[in-house]
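The structure appears right after this line, and notes come after that.
Labels A, B, C and D are assigned to the chains in the order they are written; within every chain, residues are numbered from 1.
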Amino acid sequence: MTNSMSNVKMVSEIIENSYKVLKKEVISQYQVSFEVNKDDVHSILTLLKTSGWIQLSYLSAIDWPEENEFELVYIVFNWDKAVHIQIRTRLNRENPVMNSILPIFPGCKYYERETHEFFGIKFPGNPGHEKQLILEEWDDIPPLRKDFDPRAYSDRKFVKREYSNDFVNLNGEKSKQIAREERKEKIIKVRKGGRK
Amino acid sequence: MLSTKFTKLSKEEVDRKWWEIGDFFRRNSLWMLMYCTGCCAIELPPAMTSAYDMERLGMGPMATPRQADVLLVTGYLSLKTLRRLIYTYEQMSEPKYVVGIGSCTINGGIYHDSHAVINQLNRYVPVDVYVAGCMPNTEAVMNGFVDLMGLIKTKKANGWKDYHARNEWYMANQKAALGEVKVHDEFHE
Amino acid sequence: MKKRYSMFTPWRHFKYLFKKPLTIPFKDIFTKKNADYLNKNSIIKSKKRVEESSPREAADNLRGFHTNDWEECIGCGTCMDICPTEAITMAERLDVEDVSGALQQRPIIDYGRCCFCALCVDTCTTGSLKMSKEYIYTHENPDNFLLMPEKLWQGHVVKEGWVKDENSDLLDLERVHMEHEDPEERKSSFVEIVRGYSKEYAKQEAARCVECGVCTASCPVQMHIPAYIKAIWEDDIEGGLRQIYETNPLPGVCGRVCTHNCETSCSIAVRGEAIAIRWLKRYIIDSAPDDIYKKSIMEPISEVIDAKVAIVGSGPAGLGAAYYLRVMGYKVDVYEEKPLTGGVMRYGIPAYRLPDSAIDKDIDFIESIGVKMITNTRVGRDISMDQLEKDYDAVFLGTGFFKPRDLPIPGADHKDVIGAMDFLPKVRDYERGVLKLEDIDVAKSIVVIGGGDVAFDVARSATRLQMLKYGKTNVKLTSLEDQDVLPCSEDELIEGAEEGIEFFCGNGPQEILLKKGKVTGLRLWKCLCIFDEEGRFNPEFDKECEQVIEGQQVYIAIGQSPDYEYLPKSLSEKLTFERGKIKASNLGQVEGLPWLYVGGDILRGPDLISGVADGHRSAQGIDDYLFNKAKKKEISKTLKEMRLAAKEQTPGLTYRQLGKK
Amino acid sequence: MKEMKLFLGPQHPGMHGNASVHMYVDGDIIKRAFLLPGMLHRGFEKGMERHSWINNISLIPRVCVVEPDINEMAFAMGAETLAGITVPERAHYIRMIILELARLSIHLMSYGGLGSPTGLYTLMYHAHTDRNTILNIFEKITGHRVYHQYIIPGGVRKDLPIGIEEDIHAFLDDLENRYEEYRDLGINNPTVLARITDTIPLPAEVVWELGVTGIGMRSAVNKPYDLRKVMPYARYDKIDFEVPVADYSDAKSRVDCKLQEVIQSISIIRQCLKLIPEGDVRVPLGRGQSMRWTIPKGHVYSVVESSRGEFGYFMVSNGGVNPYRVGVRGASYPQGLLGIEKYLPGTRLDDAALWVDTMGVCSPEIDR
């Protein structure tokens, strides 16, 4: 495995020669990532599969709401050359659709289904991917999107316990803790110019 | 005179006696349901097998809810499990007891702000004993079992009666969390 | 040879029938209570079972239930912050003694949340929170899982389980290195010694803060220290600056020469080095460009409440009062005797600690919001007190202690016996180029009497002057206190020693030796104790233990005294003096003279930042007094909010001022 | 013939963990089968985004209950790669000891678990009792029996306690002595053999299609495809060990590989205890208190070899205090979901539990 760095180089050459790579990162001697155009993903993955990266290790997405994009990640692995390759691409967040890679990696079936469930990305070409897998009777936006707040959801649906034991001892005086908290809140406002 | 007094009291008194006898046998031969609802279940195999050997307490695992006495809720309950747990609980024959193991059953534990995990178990099914810990060691679980036996003896393990008495409250809570308690799991195939 | 297996092979396992069982006996599993139950309810009854029963003792670093030593706990709440499950909350306990460096709150733990990760233990600032070896707790009532950890677990002494060690500690106990000028180099100039943090270092240092807020209460002006440190960490200089100016109008000065009580009470300092709060504050000011001040802090104070306030003395107290009065909308005039504003900052502290640029930055801003500075005007000489009373609606006195205190020993009236407050202004003037080196009379060997910061200022300034003049130094410092209890700050002692000052601490000066009209030395007696039984200053000396130190000049820095000559007699008759200080209310209002406010050294002392606090308090007092009297009261919403904020931020008294620990 | 729907789990003695296999059977032959995951879904990936890097160390072990250490290891390795932390040498060895002990424990557990579908409880009793000893060793080292929270970015939280080597050696000796006995009880036992030979085979050519890794793959493709060998992490490159393989993957050969791995793990732990150097066990995470620990921007996928195959953490940092996204590739994801759907049909109903057991389907890591 001493030539693992040259494996990374080899992969880079394979991909960079034929496709436009938006961003390349060599993460470690066993891992390299490429950010590519959405349209190239399928042919890159096909190319990689024919070059020995036959195992789809992981498929998922990242939500970047500020850029209004989803980032799809495909991670493939070659057991003989020992390099994990991340292929990443960006999708529009408004209408996220990505053709399924089912014909290339049949193992993606459930990954894509889960990604649809948690991010709402559609994968045409993967039959039944729109069915729920992990969640049951989900009634909110896909939970791994950044704008979903699990705490608010939890507060709404599951009641927190209110203990009746009281350990507070004010000794007949006015609470200092509350005063401190109030002061803290005010000063945090000041920082953002909130008083103006 | 004596006999009339005896017959006069008999209805409740005899009932009570029978329950006491029943409780004696029940608490010395508790069958726990093998349902690993959460991660604390991993401390049950040592309790069941040679290391801690809970058969010394007269306890043993039971495969079907209809013959089991004790339902162990081992840790967190996701909504999906809660649906099935309620099914299971309602299938169990009475009297039935619930032991809540781990922090999660008390106040949500580490998953208190998760979108998928309930916080307080006793809003959905009545719980008789809680065991603290995340996860509790096997010893703590065993002690919890003996606590339960003690509670049965002192007639404090009345969760199942409470489930009847306040059934509507429990139902309402279940509904609030789950929407619908009925399991439809064909959806995913 | 292939072994033959049959379905009876497993029967070999019957051999385990005759081996020692691995099963753990009941007595190692059950608690006494449960063993008792089993004993009473099973067919086999044995007394031994109950007596011997105790659950298996857990491993040495088991993460069991928490214990918390209340003696050590300071209620900082770091455990609450780190808890991944929000299981820990702080319960207020006002029955705990209120001391500096601690908050009156203690953690309570929800065992319906706790995940036994021990992060709280590893991050505990004091090490009071520990985990025990107890791991069994069952109850039928879920309400009973909220517990307050104390030294005992459920009323029993228990063994320690997981405690933090140097590997698991999650705090950073070491201060980020600060660049100092080299002692040899700095000796020969008045260049500022502490170079200040770079952005990267400041962020690293700021990252050490745990946001407990223990420091806030011990700061005389109660600055929002955690807040502005967090702003530094998040690289938000502008936000940090705003937060600082809420409570302190002299941050550039305080960032350099404050007595930093905050660092003394810092919760990290319990086990490690305190956060460099003072230097971080300085970092904000140093790195804030001028336009940020204008853009973000300066509120438009165009309107003026129809009332005028005169401030006498432009020291920390005066400027503090001036700033907050101005923010509240008053017209403020500051009278200063000397040509430059700043008082003790400008004339009492040498430039290697506090350069003029820093003072200018702070005072310029105060001036820019509309405070009028009238320099070269001594009240009582150029303008009378009566005139002030007539012209203004209220007067604030912040004239400080500027007269050197005399030392009543033989020879003290010699011209080569010099008071600190006579010497230090000259040094500052030299630095500014007003005086030349030749104008200052510094001898080749010098003795400084005193152990406070001022004594060190004198000694170290003299060192520099000697170095410039003669190329070598000879400065001796003597004080009543022993070296380890000197009232000066620790840095001074270390840096002074680095610069070659010789110490003769623990001795009382008895006589200044003269020969042919020239000072030759100082006779010292060993000091046995400084205060008498009643706590009054009354030193005792050991005459047997005498020594003489040589020196051509003696500088006396044993404290300063006030100068009340400017007060007309009619006024001073109405004032009550107590050990040189004027008696006044908490907000500085003089009894019987509602228009007169005092602050700073002449009210409380003892340091610069307390002066600022006095100024702020007096500003509120003056506002309380004047606002209702003022004719024009319709003010805009902005000003209303600013007034409210300035009043809300009025600091309370510190622990020391309240006489607490 | 009419199809009948049967459930294996969630409440079933033969099911490990809280998951359900839906089977449509014709007689006792499975026609269609699906796994119903999600019963253990806790929203981990969301939860991790909401906690700081340091707080995450108390969440991650809970992703997989039976083998928490691989989670900690993968997470720590990922964070270290992103932050550029070099772990002290001693910590590497301690980590390997922990990981291998965990591997032993889960192999024992799953070998014992063979008892329930095949009806041989003695095996289960023995295996679980031995596993209990490992848990006690864990308690001594890490402070907790199951959720260790011990391997953290930068090293491990505490040094090994004094005298733990003897405990480990004593346990390993005992296990080694009884190894043959274990084999006799299970895999050499004609009753068990009859149950597991040739049941639910996994053809070599479909391994890639599924994406199965670990013993399932190695026993099919006959190559030492083990991440510890292929891309050695920690200090596995300094350890001499073999990867058991087979060329025909049925229940028996998978169990056989598992048992051989037990021997290898014992040898790895022994070597680690021999090679372990003195020194620090943890480097600080950088300046500042740990709640303000930030990691530079980046994407990393860090993998470790779990007992069930490649266990990966995909971690994204945006330079903040919290991870921006953490994705978990559960090792049993392929065999649990697609594997059950594709390779249970055609087998007998009673073999379904064997797939779950021998392939290692761990529901918590599928659901997260």
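Following the convention adopted for this analysis, a contact is a pair of C-beta atoms (placed from the backbone, for glycine too) under 8 Å apart; a residue touches a chain by one contact, two chains touch by 3 or more.
Values in this document were obtained by computation on a predicted structure and should not be read as measured data.
With steps allowed only between chains in touch, the distance from chain A over to chain C comes to 1.
Chain centres here are C-alpha means, and the one lying farthest from chain C is B.
Work out the mean CA point of chain A and of chain D, and you get 23 Å between them. Inter-chain centre distance (chain B to chain C, centres taken as mean C-alpha positions): 56 Å. One simple way to say how far apart two chains are is to compare their mean CA positions; for chain C and chain D this gives 52 Å. If you average the CA atoms of chain B and of chain D, the two centres end up 31 Å from each other.
Multi-chain contact residues, meaning those touching two or more other chains, occur in chain D at positions 38, 41, 43, 46-47, 50, 58-59, 62, 129, 147, 367.
Under the contact definition stated at the top, the residues of chain B that touch 2 or more other chains are 50-52, 80, 106-108, 110, 112-117, 120, 134, 137, 185, 188-189. Within chain A, residues 133, 135-136, 143, 148, 150-151, 161 each touch two or more of the remaining chains. By the touch criterion stated above, chain C contacts chain A in their complex at residues 90-95, 103-106, 108, 110, 112, 142-146, 148, 213, 216, 224, 227, 231, 236, 239-240, 242-243, 246, 296, 299, 638, 641-642, 645, 648. Listed in rising order, the residues of chain D touching chain B in the complex are 10-13, 16-18, 20, 22, 32, 34, 36, 38-43, 46-47, 50, 58-59, 62, 65-66, 109, 112, 124-126, 128-129, 131-132, 135, 145-147, 364, 367.
For chain A in complex with chain C, the touching residues are 161, 163-165, 167-171, 173, 175-177, 180, 183-184, 186-188, 190-193, 195-196.
Against chain C, in their complex, chain D makes its touches with residues 51, 54-59, 62, 120, 122, 129, 136, 139-140, 142-144, 147, 149, 155-159, 161, 181, 184-185, 188-191, 280-282, 284, 287-293. In the complex of the two chains, the chain A residues touching chain D come out as 1, 4, 25, 27-28, 30-31, 33, 54-58, 60, 62-63, 73, 75, 77, 79, 82, 84, 86, 88, 105-107, 109-111, 118, 133-136, 143-144, 146, 148, 150-151.
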